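The block underneath contains the structure these notes are about, expressed in structure tokens.
For clarity, chains are labelled A, B, C and D in written order, and residue numbers in each chain start from 1.
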Amino acid sequence: MTDLSQHLLGASFQSPVLLASGTCGYGEEYANLIPLDEIGGLVTKAVSLEPRPGNPPHRVAETPGGMINAIGLQNVGLDRFRSEKLPWLRNNLRAARVLINVVGHSAEDYGAVVSGLDSDDGFLGYEINVSCPNVKDGTLFGVDQQALSALVAGLRALTERPLVVKLTPNVPDIGVYARICEEAGADGLSTINTFPGMLIDVEGRRPVLGNVSGGVSGPAILPMGVYLTWRAAAAVSIPVMGIGGIRSGSDALQYILAGASLVQVGTALFVDPSAPVQVQAGIAEYMERHGIARVADLVGALTIPERE
Amino acid sequence: MSAPVRSWGRVLETRQAAGDTFWIEVDCPRIAAQARPGQFVMLGTGLGDVAAPFLPRPFSIGAREADGRLGFLVRVFGAGTRRLSAVNPGDELLILGPLGRSFSLPADRPIVCLAGGVGLAPFLFVGADARLEKRDVRIVYGERTGDRVFDPELIRRITGVEPDLRTEDGSLGRRGLVIDDLDLDDQPQLLACGPDPMLRACADLALRHGLPLQVSVEEHMGCGVGTCQGCVVLSAAGEWIKSCTEGPVFDARELA
Amino acid sequence: MTDLSQHLLGASFQSPVLLASGTCGYGEEYANLIPLDEIGGLVTKAVSLEPRPGNPPHRVAETPGGMINAIGLQNVGLDRFRSEKLPWLRNNLRAARVLINVVGHSAEDYGAVVSGLDSDDGFLGYEINVSCPNVKDGTLFGVDQQALSALVAGLRALTERPLVVKLTPNVPDIGVYARICEEAGADGLSTINTFPGMLIDVEGRRPVLGNVSGGVSGPAILPMGVYLTWRAAAAVSIPVMGIGGIRSGSDALQYILAGASLVQVGTALFVDPSAPVQVQAGIAEYMERHGIARVADLVGALTIPERE
Amino acid sequence: MSAPVRSWGRVLETRQAAGDTFWIEVDCPRIAAQARPGQFVMLGTGLGDVAAPFLPRPFSIGAREADGRLGFLVRVFGAGTRRLSAVNPGDELLILGPLGRSFSLPADRPIVCLAGGVGLAPFLFVGADARLEKRDVRIVYGERTGDRVFDPELIRRITGVEPDLRTEDGSLGRRGLVIDDLDLDDQPQLLACGPDPMLRACADLALRHGLPLQVSVEEHMGCGVGTCQGCVVLSAAGEWIKSCTEGPVFDARELA
């Protein structure tokens, strides 16, 4: 039997496959369809200090090879997350690791969510979302180097739990932002969030999405995600989670070979809830066929040809 | 609510039921076993390729047979429904369902279904089920033009009900809308499914006559199971609520 | 008959549909397959001062819903472009407008190409490529605000011909770069070039492309292109050309409604050389159906819903 | 060179010719009229959807019939060839061709085709044409294993030539490679198509025997017509040259 486990962020993951934030709710909704406790883990829908109402519909639509969404981080807010959502995760997941995706309008907001959660049980750490393109201030921290550094350093002081920062693809050099997070004390990175995009209803001459623009995800962004993961992983020594368009073991292996220690499956869940199990099986099949004992042996194991 | 199932279903039969509308029967016993009228499924082609429908599309369950067969009414709207409508017997579709809340049918009232366009689909199932239970059920079905009318013979075959047909151009059935000239003296339970303006007109009608109304709404969906928050509609309380799990069937008074 | 013509950059375009740089060579290669003189025009493959050898193969591959390329701006260089390529364009295109895509390692390089061409006949103006992700210094000017401003101002001083700047999608706010170009004297903008991406051959554990990374184009990037065109067009009053994933009239209309005065068709040519003619026909059909007299009436004609 | 044509072609017949290999006949008279052995086409599904092959894929012309029919050998390699291999009679494919340079066959030498794997495809056309012109043509055809061997009966039917078959595992034909145990005493013109290492071995062989060799190369392609510079191979002079217009057939001495 191939060993799919990975050890990082001070914990062991039984497989490198997690579910991406915003695509698996708070776990419970998929409990009948996905054997959640048999995969690596999941990242919750973003949690903010106050509940957020989200954007008007339409909130999702298909794009060529992918989808666009502008949910607007609709969520129940910190208090109800703690009282209604976290208990389910605590009580139902034994082996799968839980990261809580955190958003805020200000550094104080982020801090309040982390502080508010930190003494609870039922999760491993945080994924700090500085890269949501669907709310007005969503990528503020993600593109402003000073603000990002201060945000991460501030959160670092508030928690001993693993702190993973989810980066935006929307910058000239993601390596710079990766290093800023590492230096400010982040334990890991997630690459990438969605790309800003827009669809127009040509007949109605209006945007398809209620929020006008949204974030593009799915297979369409796979090559961008692999590239940005490769660049981010090369820039830092903390682990990176690869995200974007993964729907097979081979897609996941592209990220892993590019330097990702874990991967997250998002949009593919909507197409087929068995996607994470298929991705896991695909990785295992590959490892068996190539006689590879541990996932860690594949992380970053890409041969870059010499150039004259 | 029952737990939704993910299942590949083999297409058994397809037939063109109007110019741009197809009736597709799929073998899917695990979902058929649980289905209730008003529920829907997400119908897709799986992860194999990225052609539309890359995301699965929501379809009302139009029929459920004892042999595990499900029937869907698929009208070509864009690229996704064009591909789905072109499936052939033997093809496999990935189906997630049954999803959402079904109609709730009070035992003490006759049922009047107000169907606009593809809004007919759930009422095929309602009609068939109600007849099985020997209930009084009427299907009032409207289309803009005659060429869009779903084969009335097929409606009769599926439901055993003779549809009360209306077209706006008068080319088939009575000229007019589904809310015109209705006999509501027996205080029926109204059910409505169709485009937004029609649902609003139905709500007015129900209000005027003091009749209970359940509506089935359509909104773009991502997951179909309540995780993505993609499918919201505005509640009477002014909140965005998920139509995939709170709906698609709502009491008309729950919505703004 | 619907009038597809557009008047801008001091010239008239018989249709808003052009061929994108790098996907139509220097025109001649497609002469038998595309009625070049019946479309709006074309943008040549990049021309640099010296010939460039380009990158090792593989140089192209398919990605989900698109493609990735790392040609490396292989081109014959200024002198042979003038002696071998430009004459064909001059002699064969009467109604279609020609823009010459220009690249350089330095501002001097760009200047030398523009000066070297300026007195020749057979083309309308320049598309300044500051956004190629497939060569080492390709996006240097595209992401550095000072360098971009100086480059455009420098070129402005060298030519009276229309100067269009082709922007990179790879920045937090494309509007900033759009305004810099306008202020420095650009006559128009092209949005967008390809997105940096990477594909990995999982079995061989090496990059698919000889250049390791490349640029992603095709339908996959359509929603990003529409968004960035909308943002760029909103930021400036000079005309914008919309580019990215266009393969139908309806795709082109998304760009036009978002604010593009012209569009360019690239990758779709490889799928079907009749793409530009199909796009043109699709726009005409739409205009007829909606009773729209001139393309200009559609440019930016998007209704953005009010938000409470 | 003739001017390439863009044309939809209707699939007339498909048959499985080996485990993962299909022979597909398409009606495409405008391209067939011009085709010469060694040329190729770009085969795709058009702009309608984005499933692989979104970009068309290059295929050697495997046969050309007087009635306007083209034959292609399609081996499943990845997602694009999987979809292409699954077409059915009646389906339409978008075809761009004929493309590239053909083999040039000197009148004074017999012809020996060295075919590795799908490299067989162009030699079906070469063989059929050479037989028509009553020329002496031999087809040496190698595969790794027997289950991959393209139906020899079909090769005979298409070309009228009895292939000299080799497999590395010896399960069909002679055990060994296409360059093993060849009778080259009649100073033939060598033609080779197959994987890179095989082409290099053929070049060595030609050099050793002082024989002329033309090779057909495979490189990823974008446009197929010389605009994108996507398909380059290294020339003997150390330059990247386009295999779609300068090739795919090269004199072996032109390449690095």
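In this section, a residue touches a chain if its C-beta (ideal position, glycine included) is under 8 Å from a C-beta of that chain, and two chains touch if they have at least 3 such contacts.
Worth saying up front: this structure is predicted, and the values here are computed from it rather than measured.
Using the contact threshold fixed earlier, the set of chains in contact with both chain A and chain C is empty. Greatest Cα centroid separation from chain A: this falls to D. Each chain gets one centre point, the mean of its Cα atoms, and the points for chain C and chain D are 35 Å apart. For this pair, chain B with chain D, the centres built from the Cα atoms lie 52 Å apart. A straight line joining the Cα centres of chain A and chain D is 46 Å long.
Annotation for chain C: residues touching 2 or more other chains are 56, 64-66, 218-220.
Multi-chain contact residues, meaning those touching two or more other chains, occur in chain D at positions 50, 52. Chain contact topology: the protein chains form a single closed ring, every chain touching exactly two others. Applying the touch definition to every pair of chains gives A-B, A-C, B-D, C-D.
Residues of chain A that touch chain B in their complex: 22-25, 29-30, 32-33, 45, 53-54, 56-62, 64-67, 69, 71, 74, 218-220, 247-248, 267-275, 278.
Taken together, the chain C residues at the contact with chain A in this complex read 56, 63-66, 68, 139, 143, 168, 170-173, 195-200, 202, 204-207, 210, 212-213, 216, 218-224, 226-228, 230, 245, 250, 253-254, 257-258, 286, 301-305, 307.
On the side of chain D, the complex with chain C involves touching residues 3-4, 6, 44, 46-47, 50, 52-56, 80, 94, 96, 219-234, 239-240, 245. Taken in their complex, chain D has these residues touching chain B: 49-52, 79, 83.
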